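Structure first, then comments.
For reference, chains read A, B, C and D in written order, and residue numbers begin at 1 within each chain.
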Amino acid sequence: MKIQPFQSVAKKFKAVFLDSYGVIKNYGGLIDGVQGTIDFIRKENIALRILTNDASRSRTQQAEGFLKLGLKGIEKEEIITSGMMAKHFLEQKILHGKIAYLGTENSAHYILQSGLQHIAVKDIDLNNMNDVSAFVFLDDEGFDWNTDINKTINLLKHRNIPVIVANSDKLYPVSKTHVSVATGGIAQLVESILNKKFIHFGKPDSQMFMFAFEQLNLRDGFGKKDILMVGDTLHTDILGGNKFGLQTALVLSGNTDAAEAQLQINSTGIIPDFICNSIGN
Amino acid sequence: MKIQPFQSVAKKFKAVFLDSYGVIKNYGGLIDGVQGTIDFIRKENIALRILTNDASRSRTQQAEGFLKLGLKGIEKEEIITSGMMAKHFLEQKILHGKIAYLGTENSAHYILQSGLQHIAVKDIDLNNMNDVSAFVFLDDEGFDWNTDINKTINLLKHRNIPVIVANSDKLYPVSKTHVSVATGGIAQLVESILNKKFIHFGKPDSQMFMFAFEQLNLRDGFGKKDILMVGDTLHTDILGGNKFGLQTALVLSGNTDAAEAQLQINSTGIIPDFICNSIGN
Amino acid sequence: MKIQPFQSVAKKFKAVFLDSYGVIKNYGGLIDGVQGTIDFIRKENIALRILTNDASRSRTQQAEGFLKLGLKGIEKEEIITSGMMAKHFLEQKILHGKIAYLGTENSAHYILQSGLQHIAVKDIDLNNMNDVSAFVFLDDEGFDWNTDINKTINLLKHRNIPVIVANSDKLYPVSKTHVSVATGGIAQLVESILNKKFIHFGKPDSQMFMFAFEQLNLRDGFGKKDILMVGDTLHTDILGGNKFGLQTALVLSGNTDAAEAQLQINSTGIIPDFICNSIGN
Amino acid sequence: MKIQPFQSVAKKFKAVFLDSYGVIKNYGGLIDGVQGTIDFIRKENIALRILTNDASRSRTQQAEGFLKLGLKGIEKEEIITSGMMAKHFLEQKILHGKIAYLGTENSAHYILQSGLQHIAVKDIDLNNMNDVSAFVFLDDEGFDWNTDINKTINLLKHRNIPVIVANSDKLYPVSKTHVSVATGGIAQLVESILNKKFIHFGKPDSQMFMFAFEQLNLRDGFGKKDILMVGDTLHTDILGGNKFGLQTALVLSGNTDAAEAQLQINSTGIIPDFICNSIGN
């Protein structure tokens, strides 16, 4: 397993797509050396996009978040979230009624601003829910799990409506050793109890790749071979990048550690084109 | 689909095994006519056992519960719970360390009184958990779902120990139209997140049938053909009874309603020997 | 459920994407009226692409197949198959070794012509397989199921290599009432026995949509709103089209019949923009 | 991990239950030293039963099989198979119609001799199958996989009838390194394609344990504590024995090898009371 310095890999490309959690930042803050690499990317005139499975915060909030951690120079227009993809889908396909959601009010505010009314699961009256026309899993916070997961199950047992999972990640790390169930894990519990399949958004699906690619292709005429997708997770970042036709780089600063990387690459058959310790060195 | 009066079916047998929820009682209290049937069973000198997938309360508490609802004449020795089976397994196989649990203190008190220490998930220090030697899913209440399900996942991610599910039911009805996730549903979320299979107790597994059968066989020399298993759920009560070799009666007073019964019987291939509206008529 | 004549729907768009099986043809040959609709599409100057989950035959063979059935005017360049996507992925990511496959020699010939050697499972020596560097499920024919599925399991148990499923459909209809296990069904058996997840190609994944879209976008500057995806299957054609951002039309001439359509739309939440009896009327 | 000589463990008990494949014999014939241990068991007057997940051959044929391998002194009455349990269930619950099966004629002959007609899948006319009243998966041999698995799927798609899996093992070893898909693996493919759950027989379910236990308990008054279950597979032999309440011994001569045993015990939580290299030493 050949490990290469990130900057020497990146400069072969006209654009880099970065995952956020595990690549730019983690539970402890910014990953070491990230500011230097962002500066390098700017100096080399490499286009940048950040592709993150997250539906809890808007682009603006995500950009502000980087700034608060001390990372300068990320524009909100460069950030693409799975929540944006879900929002787009809802706007196209749900044209009337109320959209119910599980998540924070903030996540609802930014995703569901499409002209339709939205309503938190906790505010739904299960005896009067005929106007609910779609359901969205937005975040793992902002509600009481016991009460509101049960309410969700009862709602979806009685109303056959589109159900959207705005972030299909099942777990996220909250410290070096600990994890927490994410939106996609809660959605999966409900799917399994109801024996249904919902509509999932987020990497490895290609919408986010496509959204970023189309912007660049339109403006700069980039081809897929010009773009490097960088991520810490084989099943989302690298598989998604590979299937979309991009070159891919696995970094060892997040979900996949150095000790396990080669074994996981072999056993999943998801093969990155490059491996780097982190984008910071 | 021929529906027969319960008492005329029951009197062909020397013993009846009854499921509790959906057969004797439901969210609204006792099912109509149950006292009359219990009295009939006593008068006819038919042996009685109650087999319930429940790990939240002891036999004594279950018997008191029937009394509170107004049902007289159920002895605690006649009640067999999936919790008792889990307790027995733990006593035989977990001989040292601390047993961690998810559930109410009451459920822990009665199940884990085996000489070993027990500890609620909420009281576990994830940085000091090496003495935890087994884990039990006991109840869907008595803890904060968000905090403690996540803690359970982190505990079981780091400690490879036996995990017991003391009641494998995934859902239970809380009203005529609404359900709630049960112990087995929470366990299934954790199994799916960790990609593991735990050790499950409760019908359709045969331990409870065997426990009841051995008592009767020992005392009265009953054979399996002398016993009728009565339940409202095809996948637990009727399948378990059929595989154990008992005659079975489906009642339409709980999970399986009259409109759906024949269709479900055909599509599952789980065929009761008798069908009755309820044990009360 | 409002059913509209297909041609009146189609003429609102600059391009139509058609699924093949269940839309253009089925077990009995061409679907009634298809030639008339193809002629109408040409006359109206609507661009046409055919998107099919199939890895058994090349574009040229597919085009010849339409001609043999009596359908004129389909160009091979208008046909996009899941097999082409798998081929593209293999060419980019598998750069050495031998590619093993399950399927007909014909399917292997057209998919695996990438400079690397390919070898049928039946010709593999399980005691000498270290040079096998990838595996592809191509077709449900061309091998002995008993012998070669078992050989595949043993090969993949011992060699941790990329495994590609070139058509993820699980079943296909062989008559009005009967079905047959397809490539994706065989792959799923192997996944389940080995407890692995392979890399799947085909709708609802967006590669085929993207391939067709990029051609049209490049040449004619079409946007997604200009394109109608037409299919007989909610989970592949309509979900894939919806997630890619196209307008979608469900036809009732294949997997989804008129009696079940509304119920399936409600229960899956996969909502077509239009419903037509078939493209032929 | 303390490894003990088998005979010193066995002599603490009044009865031993042995799994067959991986314990008494394997692909290469008898396991070394087995005859000596069987003789020891007889000399010590320990009761013996053999519990095997197998529905392909009758007790008599199994006993003859041991003899052919050179093992003397096994009585056919000491052998209990999952096929016997399935046969018993069918006799009790399927009272009319024809029983269809997938397997060899031999397996059908011995299992389905219950007065009802039986018919191989290959002989079924899918246009005239209304008299088929139950279906049994008996063996992985005796039929063409491609033709007859597809026929099974079409049969079970159109007829909602009880489906029995007479041996739920998914794989069996055919050499030191190679495996083959077993009856339960084929059944699982069909379950997954049809999205149904069939009725499975075989360890870890307790019917076989109960059958053996009742014989011994009746004749000799043995309790569960007097009996040792011996097997090579944690998920069937040891889990089944543990849940039934027996003492259990894992042998390292089959599915679970010495290098992996402790890890698998920890990660599954299925804990044998004893570990031995094989019953032969």
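Basically, a residue touches a chain if its C-beta (ideal position, glycine included) is under 8 Å from a C-beta of that chain, and two chains touch if they have at least 3 such contacts.
Values in this document were obtained by computation on a predicted structure and should not be read as measured data.
J.: Figure out the least number of contact steps between chain B and chain C, where 1 means they touch directly.
T.: Contact-graph shortest path, chain B to chain C, evaluates to 2.
J.: Let me spell it out: compute each chain's centre from its C-alpha atoms, then which one is farthest from chain C's centre?
T.: B
J.: Distance between chain A and chain C based on Cα centroids, please, to the nearest Å.
T.: Measuring from centre to centre gives 28 Å for this pair.
J.: Let me have the rounded angstrom distance from the C-alpha centre of chain A over to the C-alpha centre of chain B, please.
T.: Measuring from centre to centre gives 41 Å for this pair.
J.: Measure off the straight-line distance from the CA centroid of chain A to the CA centroid of chain D, and report it in whole Å.
T.: Those two chain centres are 47 Å apart.
J.: Please set out, as single numbers or ranges, the residues of chain A touching at least two other chains.
T.: Expected reply: no residues.
J.: Using the contact definition from the top, classify how the chains connect: line, ring, star, complete or other.
T.: ring
J.: For a test of understanding, state which residues of chain C touch chain A in their complex under the given definition.
T.: Touch residues, chain C against chain A: 88-89, 92-93, 134, 160-163, 196-199, 201, 205-207, 210, 235, 239, 242-245, 266-271.
J.: Using the touch definition up top, name the residues of chain B that touch chain A in the complex.
T.: Touch list, chain B to chain A: 126, 140, 144-146, 149-150, 153-154, 157-158, 170-171, 177-181, 185, 188-189, 192-193.
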